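Shown next, in structure tokens, is the structure this report addresses.
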Amino acid sequence: MNAMTIEAQTAVNGRSGQTMREVPQSGVQIADYDHRQTVGEITVDNPKMSCREVNVYYGAKQALKQVSLDIGINEVIAFIGPSGCGKSTFLRCLNRMNDTIPSCRITGHIQLDEDNIYDKSIDVVQLRARVGMVFQKPNPFPKSIYENVAYGPRIHGMVNNKAELDELVFASLERAGLIKEVENRMGEPGTSLSGGQQQRLCIARAIAVNPEVILMDEPCSALDPIATAKIEELIDELRENYTIVIVTHSMQQAARVSQRTAYFHLGDLIEVGETDQIFTNPRHKLTEDYITGRFG
Amino acid sequence: MNNKPVSPSTGSEPPSRDIKTIVNAGLKRRHAAERRFRWYGLIAISLGLAFVVLMFANIISKGYPAFWQTYIELPIVFDPAVIDPDGQHDPKALENADYAALVRTSLRQLFPQVEGRHNLRALYGLISSNAPFTLRAQILANPALIGTHQSVWVLASAPVDTFVKGNISRDLDEAHRPIKDQEITWIDQLTTDGRLKQRFNTILFNHGDSREPEQAGIRGALMGSLYTLLVTFLLSFPIGVATAVYLEEFAPKNPWTDLIEVNINNLAAVPSIVFGLLGLAVFINFFGLPRSAPLVGGLVLSLMTLPVIIIAGRAALTSVPPSIREAALGMGASKLQMVGHHVLPLAMPGMLTGSIIGMARALGESAPLLMIGMVAFIVDVPRSLFDPATVLPVQIYLWADLPERAFVERTSAAIMVLLGFMILMNGLAIILRKRFERRW
Amino acid sequence: MLSYLLLTLLLLSSIGYYLGRNRAFQVAGGHVRNLHSLPSFHGSYTALWCGLPALIVVAVWAFLQPSIILELVLSHLPPALRELPPDRLGLLINDIQNLANGNIVSSNPNPAVLAAAEHYQYLQRIGHICLWIVALLAATAGIAYGWRAISPKLRARNRVERVVTLLLIASSTVAIFTTIGIVLSVLFESIRFFHKVPFSDFLFGLQWSPQTAMRTDQIGSSGAFGAVPLFTGTLLISGIAMLVAVPIGLMSALYLSEYASPKFRAIAKPALEILAGIPTVVYGFFAALTVAPLIRDLGTALGFQVASESALAAGLVMGIMIIPFVSSLSDDVINAVPQSMRDGSYALGATQSETIKRVLLPAALPGIVGSILLAVSRAIGETMIVVMAAGLSANLTANPLQAVTTVTVQIVTLLTGDQEFDSAKTLAAFALGLVLFIVTLILNIIALHVVRKYREQYE
Amino acid sequence: MNQHKLILAMAAAYALSGVAYAQSARDYISIVGSSTVYPFSTTVAEQFGKTHSKFKTPKVESTGTGGGFKLFCSGIGVQYPDISNASRKIKSSEVETCAKNGVADIVEVKIGYDGIVIASSKKAQSIALTRKDLWLALAKEVPEPSTGKLVANPFKTWKDVNPKLPTHKIEVLGPPPTSGTRDAFVELVMDEGCKDFPAIQELEKSDKQKAKAACGAIREDGAYIEAGENDNLIVNKLVSNPNALGIFGFSFLEENLDKIQGETVDGVPPDFEDIASGKYPVSRPLFFYVKKAHVEVIPGMKEYIAEFTSEKAAGDEGYLSNKGLIPLPSAERKQVAADANNLKTLAP
């Protein structure tokens, strides 16, 4: 883990004069519940996205406090934490889905490659094409399976003809591991599939646009264990080509699929680190309490 | 350390296209489409609102003069020789005396130069035919006035009123306007003498219908509407709420309740005129209820309003989450207690809102009432549910059909009053909805 | 009189309520859990026993009293008067009632009538007193019965609830009776009409000219009862109305629910709904006096032949009337599409209009179609606007600049003008009413089915 | 408790319907009938109500002449109207219906005349019409100029009818057959206008009924527009359409002289004097019919009749003439008033 200095980070971001966060040294167990500074490495060598001091307010209520975190290329990072801790809120900041909530206000800095995604020059349409999202509840459109997957390519004008579109749709379904199940029923409505299939359809829909990052908001919470296993398998495969951010309630799932894990608590990013380390050797008392099941 | 963009498609597998460029290529076109679409929406809604404004402007510009009424001051001599020749102050004699003669005398005094039967008739025509009754009322209230000189403000006739308000142009050819040149000179003289004034038109609000525009009011129609709506509300609200509660909370799912449901939904969209046919056949011909009575009108309208209230009531009931019902039942409440203590109070604002909207619709309805004899000339203000009555929209329909020009502005004024009530009721419904709106 | 009695009964009922409740406490020995039902149910039970029988007595009495009193009065009349033909007798009775109620009677009533009136008054007084006594007796007896019946084991709650449920059921049948009433009031006359005019002639005939010479000395028209021109006229006007209302209404709904700021929505939505509140009479005059001449002038300026009662004017104004109907129904439907659909689309990078056009609208389509069908049935049944603006000439045309007539217009014209009972003309109005009822029925059933299916999809 | 509210409401409903039966006495006059007489009838009713404060003001419904007779002839009793207004004489068929339902004694009161005017917008140039022109323009079938055989009306413009008339399209807004105005128009214009044609005269000889039908049938191809009973609407439509002619009662012309003009018929203009003198050919008498059996029973009937036939109402200078009623000649008026006040019934 080659830690990047804060100075370098700010320099790259072209910002200066920001207050810096002190990163506690590794191996130190922090027993202080009131200690709200992020423990662990927030930075990575090869960041796909980097977020700095992100605050989110819903009206007067602050839902996310000073969160800074890097997301590396082609890694799976899991956000865990008790309900209402801000992990989904943070996730939705990453492709500006929070824009659809009128009362929501965001400060801070989130960078996707070299672009500040909250910059005026950034088009939210383009951003979301680059940062796809899969939701908690499978939400296929009330259209055929084919049309569901073809939706993204169509609106973005990614293909020139029907043959290309067919190819793309089939490829996407294949990558989502769904092709065998739906090959012969492409015209049926997406809602006719089972829950797990629907969710994989939604993933296929997301990857059809060929995004750089895929955000997954508790993608398995509405599914049974078998379907969950399939999705997890899929995530593992997708990791080769995509950066995946997954919010999950299930610590086992986080442990299974992710390389890094971030633990959120009441709007704070408490601890972030290698998944193994978080689960075997949490450095913050809150993290430890959570993963040992003392609360949450 | 490097923050260079790393294309996700460095891998061998996914189709090698850079999503950023692809999206960028179409962005301009798509945003233009977005803006266009937004404009369509804005145009649509502006059109809708423009219609509202247009209608209101049209009606108000026609109707506002009706709130003013021209009066003429006459010096009246309550000549005992004319009205009380016996000197007995006998109320009966006073009632039947010739008060019109007093008015005529007064007018002749004001315009001594006018001569000839025809011209005199025109002169008398300046004053409303109601003037003698004004004098009679004064004398009957206070017989001591007999023999005195009084200045009395009496109603001007409708053509004079219309002319004074500028609705008849002076520039027109004399043959083509209801007010002739000599009448204009009289009016001008009265105006310069300060004997002609416009006052707020109280008659419009506290008189019944009349054939003379200047004496016509909407009190009778308003009371008729009130009685009709009273019946409508008393019948349709309790029955509507009871039905909604039954269907939503108690009814078993079976063909019978399905039938009721289909029925109600269908009745909500049955043309109102069909309800008129029903009222004529059932209430008047079969039950022998009196024609033109607010009772019958109310019955017909309540049948019409009932489905609206039931549907609104059911919507309000379904919006109460099942968890509340389960909570109540879980505490050991009976179904009725569950409904009465929890569900109904929570659904009541919604039900009231629906009822008010239904009532507003009933207030503006006229087609079914045409079928049950509520299209009638009724002067007396109805005092009970059985007195013949008409309602405001029908009054508008009737006035619009009259030849007198001055009724045009009164029709519009009546429309304004009706719209006022409509807006009031709808506003109330909106406030109710806002105030008690609950998101579950 | 009656209202005082009802108030008294209500008072007694509430007394019964307290008595019953106290009694329940008593028999429970102060321990409510000994009772099967709560004391308040025992109270209600007693109150119902007090109120319901008495109410029934009052209702029956009020229903019967006038005719019984009349019979009594008539039987005391001198034979000469009693044996008048029934219609005369009716007038006489009116006279007596007028006298008894203190109304003015024009002529000098003869002594027999005066006496009868006095008798009538007397009987009425007696009747009222008896009614009071009987009703109060019934009420107190009810209280006594209910009070005595109270015991810890009494299933008061079940009984009270049963009564209330029965009342609820009774209320729900009103709708059924209304429909039966409507069907009965148009069906018989329609059947008679179809005896005179063959069903197929009516439904498929191309010529509508119902003003038959119904009196031998009157010159009527040809007396053709082919309703096709009416149907096409109705469709033409409704079609124009929908052409106005659907785009404007739908786009307004979309704008309000997807784009508008909450502030704008809070103002614009009720403002738009004002259109729905404007009485149709007002629209009628607006159409006839403002819109129709405008269209005529415009058409003439452009070199078209425009009838003064063009279908366009009526359709246009009807469309305005229906805008809020379409918009509020569509609004409901669009809002019923789950937010997750929008999220899914936005997350793929769709713009708002793309989301609306490609996800929301297809998803809401069944619901929107249903609401449009409801709006169509509204347009077909609308009366006042077309009565005032559409005219009476039954032209078989699809040209919106020509005058057409509609089903509702014909019903009003046929029924408010010259009537004669058995003439095909009057009966035709009922046949048209029946058609109108059936068509709207079918439309509504389809629409409601579609909408219900649609809603279930997201539940 | 909610149960109580429900019960209360039910009780109210019961009470309402119960009281309905108890209250069947009527203390006001009920008048139905012609929409043409309606403005006059209501004026008298109001005047009557004001002068006789002990009586209630009569209720006047505008049901059309035929509809009025239907209600009027349904029977004797409070639920049936006392007086029916008519813009034509009662038909023998209607008298029979009346008699069948026990309405035997009917008093007929003639109140005056109403001119039927053919009017156009002020903006239009006025055209001098004859009844013959009108018939040719409006009849369903007209004699073909060359052969004289009856054919479907081919005329599209006024010039087709009569070369002296302007070239614009024939467009006449008039009342539907339900209205008495239409009956009178047919009788006074159409039946007269057709007389000079040989084809009709021949028909007259062979089949009177057919001839009458040929004369009275009005074309249905759109040149004659049945504009409903709302005469104000016709006036407004004329204003917006200068080419159209409208047919309606004289009172509407008088009230709207600034907007519309009456066309001369057979050279006589439709003004007050010419209608009163009988020179204007298209005028018809107006009536009201009284149910004699009701006179003694419904309060105020006699006084109402007296008011209607009094000089101050129906006289030359009476208030009804201000409303556009053309009074009867004074001798006839006196006779009518006397007969009416004596309740002279129709001869059977």
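For reference, chains read A, B, C and D in written order, and residue numbers begin at 1 within each chain.
In this section, contacts are C-beta pairs under 8 Å (C-beta built on N, C-alpha and C of every residue); 3 or more make two chains touch, one makes a residue touch a chain.
If you're wondering where the values come from, they're calculated on a predicted model, not measured in any experiment.
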item	value
Touching subunit A and also subunit B, the following chains	C
Higher-contact pair (C-beta pairs counted), C-D versus B-D	C-D
Intercentroid distance (Cα basis), subunit D paired with subunit B, Å	30
Computed distance of Cα centres, subunit C from subunit A, in Å	57
Rounded Å distance between subunit B and subunit C, as computed from the means of their C-alpha atoms	19
Sites on subunit C at which at least two other chains make contact	160, 164, 167, 349, 351, 354, 416
Shared interface positions of subunit B, touching two or more other chains	23, 30-31, 238-239, 242, 400
Where subunit D touches two or more other chains at once, by residue number	1, 3, 6, 10, 12, 19, 24, 26, 229-230
Listing of all chain pairs that touch each other, if any do	A-B, A-C, B-C, B-D, C-D
Complex contacts: residues of subunit C adjacent to subunit A	262, 338, 340-351, 354, 358-359, 362-363, 457
Subunit B residues within the subunit A interface of the complex	1-9, 11, 13-15, 17, 19-20, 22-27, 30-31
Residue numbers on subunit B that touch subunit C, as the complex places them	23, 30-31, 33-34, 36-38, 40-45, 47-49, 51-52, 55, 58-59, 238-240, 242-243, 245-247, 250-251, 257, 259-260, 262-267, 269-275, 277-278, 280-282, 303, 306-307, 310, 334-336, 360-361, 363-367, 370-371, 393, 396-397, 400, 411, 415, 418-419, 422-423, 425-427, 430
Residues of subunit A defined as touching subunit C within the complex	95, 97, 100, 102, 125-130, 132-135, 137, 139-143, 151-152, 154-156, 191, 202, 205-206, 209, 215
Contacting residues of subunit C [partner subunit B, same complex]	157, 160-161, 164-165, 167-169, 171-176, 178-179, 181-182, 184-186, 247-252, 254-256, 258-260, 268, 270-275, 277-282, 285-286, 290, 320, 323-324, 327, 349, 351-354, 356-357, 374, 377-378, 380-384, 408, 411-412, 415-416, 430, 433, 436-437, 440-441, 443-445, 448
